[in-house]
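Presented sequentially are two complexes of chain A, the first with chain B as partner and the second with chain C.
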Partner chain A sequence: MAADKQTKLLAKQLFKLSVVDGVVSPEQVAGVLGWVEQRSPRRPVALLKAYHHRIAIELAKSRAEVEHAGPVTDAALKLIEGAMSQRYKRVVTASAKPNPSLLAGLRVRVGSDVYETSVAGQLAKLSV
Partner chain B sequence: MSNVIEQIEQQIAKLSTKAIRKNTGVIRTIADGVAKIEGLSDVMYNEMVQFPGGVIGIALNLEEDEVGCVILGDVSGLKQGDEVATTGKLLSIPVGKALLGRVVDALGRPVDGKGPIDSKETYPVEKIAPGIIVRKSVSQPLFTGIMAIDSMIPIGRGQRELIIGDRGTGKTTICVDTIINQARINKVGLASGDKNFRPVYSIYVAVGQKQSNVVRTIAALEAADALQYTIIVAAPAADNPANQYLAPFSGAALGEWFMENGMDALIVYDDLSKHAVAYRQISLILKRPSGREAYPGDVFYLHSRLLERAARLDGKGSLTALPVIETQAGDVSAYIPTNVISITDGQIFLETDLFNQGIRPAVSVGLSVSRVGSSAQIKVTKQVGGKLKGELAQFRELAAFAQFGSDLDAKTKATLDRGSRIVELFKQPQLNPIAIEVQAAVLYILQKNYFDAIEVKHIVSAANSFKDFLTSRKTDLLTKIRNEAKLTDEIEAGLKAAADEWKSTFVAK
Partner chain C sequence: MLNLLLATVESTAHTAEAAGPIEGLKQTFMHFGVEPKYLVMQVISFLILFGVLYKFGIKPTIATMEERNQKIADGLKHAEETQARLAAAQQESAAIIKAAQLEAQKAIDEARKTAKDFADKQQTEAVQRSADLLAKAQQSIELEHKKMLDQARGEIARLVVKTTEQVLAKKLSDADRAAYNEAATKELSVL
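Entry: the complex of A and B
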């Protein structure tokens, strides 16, 4: 069931409570989940889904998903982490994800930003 | 030397491997030509966004956790979960003289099958209207070729004159006639070699119209050899609402290019009622709050920002706008008509009753007005047609009154006679604009009572006969009127002589 306006608003408030100093706090999240279990608010499933969605978006901002076609070393991941942390002024952790369709190169995704150095991406750009 | 080459090559290599940053989002829902997108955290208002398959959209709603985009293309290939990217560009369309004689869609892509358009420049579709400092007041005439309009409701270059009326009252016909008249004037002016001559290029924007009507308009312009000075922007009824919403703005961008480059242009928005409906549809789908008649709150701003782009610029050109509004049962006090009436510099109101009586163009003299055009009217028209509006108004008032009785005094009878002759004289077939010098000559002989001896039912044929006489035998006199643009003693004598000569040969049939 889709969340109504009130549920969305509550999810937003719970989300705000879960973020401490711009970072999602696991303790706060546990607290929020406990509160939901205890108080059983209206439409709990829709509320938790909306809450989950917001937390996932926020966590994605601190995570660099590195898609790669060839091998990628830990040193390269560290370099990416450093560059992205500097750029976004927050701690960004990198994780590798193989994607052979890129042909060669990397595609790094941080939140809604995508950094494209893959051959597939460049070919796609040429075709436009 | 080889060191330098290596340096350049290294630079190229560095550039070609540089990461491209894209701001992306994911389609959450898609319906009725509108996509709700999650992500796109850097998107700007009105920015173009790239959908898969080369489809373009515009970000119209920037909400807290999603972006509402209207899609300007085929939505059938898009699905939930597709990736969308920002482009960093505002929607722009190709502009320039290369588009003259062409039919394009709301994005400036040719739809006439005449091949690609060789245009080097682009202009943004949405642009802030020129400010106060750069503007100049309207003082140059724009002749429509329609006698009733040019003599009583004159239009100037840079003016916004609304054409309003019910369906089937001849609104589009007036616009097409005006475009044809510009083409005729352009041909004469350019052939004369006059360096001061400023041609008027026309843009016809068809919004929400039947494809067959658009084809008919194109055919009429082509038959009159006016298409070479005209650009047609077509967003017909079958097009998606987003394109219908954008088409007038695209047309304005095309017109602005002429204006900014020191040329004069005329733009016809046919029609803004359907434009408002398309915008309402988009707004409702985007879940924007609706107001009166379910239109969104910014429908006034939609039309004011569009029509404010028509202007006359100091040291540059001008853009004259003829917006069209279709009323329902003659109700000019509905929401969209009153909005556009208040934005424009006057209106030409077409009445169904007059149309059905055979008075065509069915211009209602009482309700039509031109607020700035009189300062643009040439002297000869003022001299010969200055009293016409008053005479017609008196006639309308007395005609209603005279229906109740048959005993009329001589003065009333004279006013009625004159009025009925003026009404007959202003009847004009469609696609047949009359040159301003011919209009002036006809109005001169009306003023000098040459038509008084002719029966009312023969006025139209008499006027046509006089026009033929002038165009075939008195071309020098007509050229003189056109060039002098005022009634000098010499011209008056020439007109009198011509009228006497014609009168002696005219036989009413």
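Entry: the complex of A and C
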């Protein structure tokens, strides 16, 4: 069931309540869910879907998925975390994910942004 | 006989000269047996005859002649008018024919001019269409050629990249990858 305009607006307000200092607060999220459970607003399923979508996007902005081919040190991950936290003005945590198809190098994904420094990416640019 | 008549006239003239001119005239009439009463009666009968003839003969004849003359005059007049009208009609018809000929010639000239213009226009349009078709065909050929070249270039690049990837996958060692990752990390950290 698609959310109507009013439900989307309520989900947006609940999402704003869930973010403290630019970070999704688990306590606030729990409070919002308790409020939804207790008050049972109109169209709760659509409201929770819209709320979940916004929270997932926000959490993805706070996570840096580092795909790599070959070994990556913890120091490198910390360096990437620092650079992304500085770039997005929020705390970003990095997680490593092996991807041999990159041949060598890294591909960092933060939310919908992708930073490509892999050999496969550079070769792909050549083939275009 | 002639001598007798001359002698009678001479004796009458002598008598008249002797008694006056009127009396002489009377004696002459009397000598020839002309009686005044008979003369008056003859004059009256002549007048009656003349009246009858005039009423039943002369007058209708004169009327008929006048009527005939009038008819002839009318006919002549009508013939003259008809002649004049015929001349005018001939003149008018000649003028109309001349005007119609001019009009027809003008129409023919205009039709010729229109036909020529139409043919010229058609020819120009045909030439333009053929030029457009030729240009489109050339453009299409160029596009097709460019597309084919792009496809070939892409395919060659894809094969080169694929080959390079396979070679690199075999040749790159963990140390090479670690060094590359280090460099990539530094590159990302300065973004």
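Before moving on, here are some points about what is shown:
Note that in this section the second predicted complex is superposed on the first by the 128 of 128 C-alpha atoms of A that agree within 3 Å, B and C clash if a C-alpha of one lies under 4 Å from a C-alpha of the other, contacts with A are read in each partner's own complex, and residues count from 1 in each chain.
Note that a residue touches a chain if its C-beta (ideal position, glycine included) is under 8 Å from a C-beta of that chain, and two chains touch if they have at least 3 such contacts.
Given the structure is predicted, the values throughout are model-derived calculations rather than measurements.
In the superposed pair of complexes, A:71 makes contact with chain C only, with no contact to chain B.
Once the two complexes are laid over each other on the shared chain, residue contacts for A:123 go to chain C alone; chain B is not touched. Once the two complexes are overlaid on the shared chain, A:9 sits clear of chain B and of chain C alike. In the superposition on chain A, A:104 contacts chain C only, with no contact to chain B. If you count the residues of chain A touched by chain B and by chain C, you find the higher number for C.
By the touch criterion stated above, A:115 is placed in contact with chain B and with chain C alike. When both complexes are overlaid on chain A, the residue A:80 reaches chain C alone and has no touch with chain B. Once the two complexes are overlaid on the shared chain, A:20 sits clear of chain B and of chain C alike. Residues 108, 115, 117, 128 of chain A contact both chain B in one complex and chain C in the other. Interface of chain A with chain C (complex): residues 68-72, 76, 79-80, 82-83, 87, 100, 103-106, 108, 115, 117-120, 123-124, 126-128. In the complex of the two chains, the chain B residues touching chain A come out as 17-25, 38-42, 50, 54, 65, 85.
Touching chain B in their complex are the following residues of chain A: 54, 57, 108-109, 111-117, 121-122, 125, 128. Contact residues on chain C toward chain A in their complex (touch as defined above): 154, 157-158, 160-161, 164-165, 168-169, 172, 174, 176-178, 180-182, 184-191.
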